[in-house]
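Take a look at the structures listed below.
After this come two complexes, each holding subunit A, first together with subunit B and then together with subunit C.
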Partner chain A sequence: MKKSYLSLKNLSRRPGRTAALVLLTAFIAFSVLGGSIVVSSLRRGLNSLEDRLGADIIVLPSSAQSKVSFEKLFLQGTTGAFYMDASVLDEVLDTPGVAAAAPQTFLASLKADCCSVKIQVIGIDPEKDFTVQPWIQESYARDIGEMEVAVGCSVEAGVGEIIRIYDERCRAVARLAPTGTGLDTAVYCTMDTMNTLLQAAESKGISHKITSDGDRQISAVYVKAQEGADIDQLNSYLNGHIRKVTAVRTRSMITQVSDSLAGVTRTVRILIAAVWALAVIILLIVFAMMTAERRREFAVLRLIGMSRRALSRMLLTESLLCSAMGALIGAVLAVALVLPFTALIESSLGLPYLTPDWKTILGYALGALLLTVLIGAASSAFAAWKLSHADPGGALREGS
Partner chain B sequence: MKKLPAMVVLILSLGIMIGSQTFLAPCVHEDGSFGSCHWAGQMMLGVGGLLFVLSLFACLSKDGPVRKGIYLAMMPASVLGILTPGTLISLCKMNAMRCRMIMQPAMIILCVLILLAALIGFLMERKRA
Partner chain C sequence: MTLKAENVSKQYFRKTGQANVFFAVQDVSINLAPGQLTVITGRSGSGKTTLLHMLSGLLSPSEGKVYLDDTDLYALNDADLSRLRNCSLCVIPQARSAVETLTALENVLLPGMLYGKQDKTADALHWLEALGIGHLQNACPAALSGGELRRMAIARALTQGGDILLADEPTGDLDDENTALVLSALRAAADAGKAVLLVTHEKDALDYADQMYQMNAGHIAGYCSKEG
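This part shows the complex of A and B:
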């Protein structure tokens, strides 16, 4: 108890030096925890995107690619306004190797009463749909009905709340789990509801590139291949046999996202490693300088009877206290700065970003705390060892 | 050193005042209209102004008990700042909107820091007394 009291007194006697050590270790903990949360969120986002897409191939009008890139289509929620004839669905269903096909109609740039934000309304066919319906059924056991909508988790509308779109009252019946992609900002409804919304828009003089007779036009067909079917071959077949459409393999889309993600993850990891290497070097220098500066103080302590072991322990206790304090501050700062700005990070990166649950974050925080404290202690261990083998008499004579 | 918490509050409240109208400002709509988040921004300007004046008084005051009282007054004001965006005044309904993405978390963090600074200031003044 007395020994740790001495360490505490040493730390409080030199507030500047202590603050510098605490700040340095806080920086290590901040970079490790912040970086881990970001990397983990990106990984979870990609996994979620893979789970959520559900389809093997997406068939879009040929004009779609000139209007919006396919990655943006799902990552940033920019679904755009492109349409094709609904007969494409029948042609896709007739294609050998297709197990299921579900149409979707995108209605871009609809203004909701909430905040003039461009809510993406996506019309689905609950009977045929296999992409969104399983997610809706997690929170709503029935099919969504007339003037009912399922909202993405980024739309702030609770279940049972009324959303007004073109002054039409739509009841939110389900709130979808987060995906960390543009799908979170979408509102899903049936094709009938979409037609009603389009009629409401037309009555207000707002025209879209789609008429209220929406059954005739669709934006995309999501295709599930039969078990064992060659998906590449099926993709080529769809591209070759159905006119004015582009079939895209979701796997290639996800691979592109995954490549971008790998780049970001690699950069974050390199940055963390660089911060660590730099911090370890600085800590080693700081402890070496600190020990050199305090040689006479340690020599006096040795001469009044403090053993080498006790002296080393005192120095280690000092570094442990500084590291623990710094690690705690760094971890709190990382959580306080990274978590509240999740939406901003997601929008800045333009990649699927899904924050881990609190248990995982707690695990990362504990790991970062432990690593930072260990690195602080390890950096001072060399200085403590060197100190314990120094000649106290020589140290005192040097100063005289 | 004894006025350090007041100076910290002074800087942070200035950040709230300037931020609420500039880099942390709520959503700007294309058609020039504004939603409820605009009023949350205006309220933050008011809360920031109140905290700025209080911290200025605390910096200028030479009387310890007066500073202690001012620190006490800062605490509910900062709690008001924490509760204003999103709880007392509703924001836009999309998480991807600027008011939810930038203004709300930044204002809450700034007000939590002010609350902590005021608490530390109060405890320091109490210890000194």
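This part shows the complex of A and C:
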């Protein structure tokens, strides 16, 4: 019979008390790990959005704002189709303070027989593009060719599969890394392919033409300002000097998201703190009750020669075993319940949400395990100290 | 080994009449020699159990010293005193003293387990049988009666094997037959060379004793020995 045997017996022969301790610590681990994953996913989503937008200003047709909310377009993947004359790109490029400008053309496919899926198609100019192209090249080193598309990670089409868009067959050549934003639900093609698709859409009776020159239609111009340029001033200049367009600072868009994210993050953190505080208080009460309940048992152990240190160690062993078991259960539950519901969390929050990779999650899980075990041990430390310094004689006389 | 208390007192702060200090034990000296069974009797509240706790290293005296041979018990640190309690001072406490999560046999073996001593299962089974509860070795304390628990505690102290045996009302809730059984076991322990102290109200215990102290209001009020 070893000393640890005594701890194990104490736990196994008092299943109610053990289960309560395990459950409490599981609750702490679950809230810490689940909350950390959610907060980290939101932060990564925002960073990803910043990286992917990659521009200081986006110039859109003035009519676009009435058709779709920019936030919904970029964050939730709502499809949008709005156009302006491609000459806007030249006007933007001629504006003082502009370092680079890249056009994009949007087309929404239909939920109909002519299209495999309802998605947002985004045409880019690979030579000018500085926002999407670097992202595509992370997954696909070559250039996207005629009637080829790179698909966002949430699009249900694998590499090599054919996607029908207005009865035109496009081959998926790359699957892009997740961004946690609406960009994940789009497919990307060259401007040439986009023009083919626009004509195909027109042949189906869906006309997006705003000019007689079908080849020269774009939906947005992404603008990078020159180093040191006053971006607000540039934004105002674009709004004032180019007709029928709206220039939007991406930072204002990101700031809105960032503000919402800060609010959600704060709420999650407050909830975690509240759960912690509550759990620690309950743990302290449980250990205090246990102290009272087990006074006589500990007095007997002191009587037969167990030292204060050994007694404290026995109590801490019991609490560590319970905490470790609870932490493990809580961590497994957090991973099992939070990760499969990523899409649901993302849509209900309406914020960019990018789940960390497994290594980061493993790091969080280990952190949560360690923290929970420490909280369990720390909560029992006072009880252990108090018990080991109690008068065993007094406890033995109680009820005699 | 000889256990000796020299002028020990134990005072508590509590309002008693006009004084704020209450002496549970006052200026008591006692000598427990090997091979002797010493009985302490006295009315409830006379300080018997307090004295026994001071002798067993559980309760530090307010004044005076307790020696095991030449070792001042209360000059030792907790680890050394605990080890000494485990090896030399075996106590049968007055009240229920089982670890509820262990079986009767595990409870009896518990002192030996604490410092990784040799396996004493054979001794434990012998004492459980001798005290009439061998058939209950695998029972949990919750399933034992008060008398059976008391005998389990006695078996534990006897299996522990120290040179000093301190028993606090060990026959408190036993019938005549089991009382005789326990008193005989304690006498046998003294005859085997242990110093045995028996705190009791049991009049029959005097027949087994080598010396007897009478306590009253914290003082030794009387003493007699077989030798006269």
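Some observations on this one:
Just so we're on the same page, the second predicted complex is superposed on the first by the 370 of 400 C-alpha atoms of A that agree within 3 Å, B and C clash if a C-alpha of one lies under 4 Å from a C-alpha of the other, contacts with A are read in each partner's own complex, and residues count from 1 in each chain.
One rule holds for everything that comes next: a residue touches a chain if its C-beta (ideal position, glycine included) is under 8 Å from a C-beta of that chain, and two chains touch if they have at least 3 such contacts.
Since the model is a prediction, treat every value here as computed from it, not as a measurement.
By the touch criterion defined above, A:R302 lies against subunit C but remains apart from subunit B after alignment on the C-alpha atoms of chain A.
Once the two complexes are overlaid on the shared chain, A:A343 sits against subunit B while remaining clear of subunit C.
Counting residues of subunit A touched by each partner, subunit B versus subunit C, the larger count belongs to C. Looking at the shared chain after the overlay, A:W385 reaches neither subunit B nor subunit C.
Of the two partner chains placed by superposition, only subunit B is touched by A:I119; subunit C is not. Of the two partner chains placed by the overlay, neither subunit B nor subunit C lies in contact with A:W358. By the touch criterion defined above, A:A157 reaches subunit B but does not reach subunit C. Comparing which residues of subunit A touch subunit B with which touch subunit C, the overlap is empty. Subunit A meets subunit B in the complex at residues 77, 112, 114-117, 119, 153-157, 184-185, 336-337, 340-341, 343-344, 347. Per the touch definition, subunit A reaches subunit C in the complex via residues 1-3, 5-6, 9-10, 12-14, 296-297, 299-310, 391-393, 396-400. Only residues 27, 29-31, 33, 35, 37, 91-97, 100-102, 104-105, 108-109, 112 of subunit B touch subunit A when the two sit together in their complex. Subunit C meets subunit A in the complex at residues 49-50, 53, 56, 58-59, 78-79, 82-87, 91, 93-102, 106, 109-111, 113-115, 140, 156, 160, 169.
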